[in-house]
Amino acid sequence: METHIRNSFDKQGLMATLSARIDSIDPGRVVISAPIVPQTSQQHGFAHAGLTFALGDSAAGYSALTTMAEGSDVLTAEMKINLIAPADGTRLVATGEVIKPGRRLVITRANVETEYADGRRKLVAVLQGTMVPV
Amino acid sequence: METHIRNSFDKQGLMATLSARIDSIDPGRVVISAPIVPQTSQQHGFAHAGLTFALGDSAAGYSALTTMAEGSDVLTAEMKINLIAPADGTRLVATGEVIKPGRRLVITRANVETEYADGRRKLVAVLQGTMVPV
Amino acid sequence: METHIRNSFDKQGLMATLSARIDSIDPGRVVISAPIVPQTSQQHGFAHAGLTFALGDSAAGYSALTTMAEGSDVLTAEMKINLIAPADGTRLVATGEVIKPGRRLVITRANVETEYADGRRKLVAVLQGTMVPV
Amino acid sequence: METHIRNSFDKQGLMATLSARIDSIDPGRVVISAPIVPQTSQQHGFAHAGLTFALGDSAAGYSALTTMAEGSDVLTAEMKINLIAPADGTRLVATGEVIKPGRRLVITRANVETEYADGRRKLVAVLQGTMVPV
């Protein structure tokens, strides 16, 4: 499954454009991170909500994929994000988890933290949404 | 207000990275679009949900900004996206609108359509969320 | 289909408890309303968010059912509600609509208005969510 | 604060209509439950999504209130619910928690479980949303 997920990830042009990488893959739990750089910022130099969403959604989606049959693929049906603090660090780290696996719908959530240069982390966003196998 | 919005948009590194542009600015309504290219794709070559979200969220946010006092800035507090069809065209067009202006919270929505080479369009996502003035 | 929907509605104990009624059923569009009374209020005497949600969700769900095969049933997979004004009138009117029909997922939305004694209406909530046929 | 919350709860007509009660109040965490009875069912005799939402939303709202200044009141700005299993037990138990307190926005979540006659519990819904002090 890990190879399948890494192959899928490598085909996502946006993840490469965002310099995102997979940090870990475990059953029902995937961590994806990316640097906060001028190319992915909003108007104040913080990480753009689009980056935060993209990482959180991808981590949630791949966490769902770890619960599906080998060879499956996954699409986001819907996702809700609450942005709770400015992403003013140097790196965004998204942890996706499966709340409830299922054959037709997989319910997921993700936390996105910003990491500062000194290694401290702060929660910047929480996501909750539905993945569908295809 | 239009100058203020265009200046803010030009400071968003992610919008440049996504080759996004503002197509129109009207009171309570802003249109933003970007090409669907390999650099912003998901694993099947369609537009990545992160791109769809980023355009829809930005269009919604700037539509909210058109209803605020000159000099204001806006942050997304929360946003929900339903992805309803694959974004298999050549360009994504996001139309943000204000459902309810307000001093503390502005309720917005956005439609994101994919545009095909022949000019036809198809709805690919709907967003609904809350903007806060800062 | 109208008979099927009315039979389903009549089996919902909560709808009777809320004194809710179906006002109209059209393809892809269902209107449900209920009085704002002390039994369904929140702490300030306005309609409780739970009532607003219940009506909006039911209107959205039955609007989805109008697009499904005869004999189908429908469940809410997920629903997002933005509450945008106090529901201080005498009656809540929820209009559910289908954004995108589908075999596996039906994307819906609903507007909930409060109606005053003089017939004026005010938008109090917007909902967006996913229904699944069962 | 506990007295303030119980007084507010007792003024909510809908909570009495649903036979809901507060099970516990702790800083950042409130539990509310109600029986699953024909008066609050959907068409299959399970708990109606409106009941599930009302309990989850109230538990989340009061958990937010525990983090606010004495005398405050709280409104739901928006709430997202994912319904993940049929609520086929005898009682619904909603646990609301604060993800992030704040002066202007409080981010909350809630889990709703159904309890069977033998005491077993099953997760039936997860909620995530924003409360505002008023």
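Per-chain residue numbering starts at 1, and chain names A, B, C and D are given in the order in which the chains are listed.
Going forward, contacts are C-beta pairs under 8 Å (C-beta built on N, C-alpha and C of every residue); 3 or more make two chains touch, one makes a residue touch a chain.
Worth saying up front: this structure is predicted, and the values here are computed from it rather than measured.
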Report back the single chain whose CA centre is most distant from the CA centre of chain B.
D
Between chain pairs A-D and C-D, which one is joined by a greater number of C-beta pairs in contact?
C-D
If you average the Cα atoms of chain A and of chain C to get two centres, how far apart are those centres in Å?
33
Between chain C and chain D, what's the gap in Å when you average each chain's C-alpha atoms?
20
State, to the nearest whole Å, the distance from the C-alpha centre of chain A to the C-alpha centre of chain D.
28
Multi-chain contacts in chain B, i.e. residues touching at least two other chains, fall at 77-78, 80, 82, 129-130
Chain C residues within the chain D interface of the complex:
8-9, 11-18, 37-44, 48-51, 53-55, 57-58, 73, 75-83
For chain D, which residues count as touching chain B in their complex?
77-78, 80, 104-105, 129-130, 132
Residue numbers on chain D that touch chain A, as the complex places them
80, 82, 84-85, 99-100, 102, 107, 109, 123, 126, 128-130
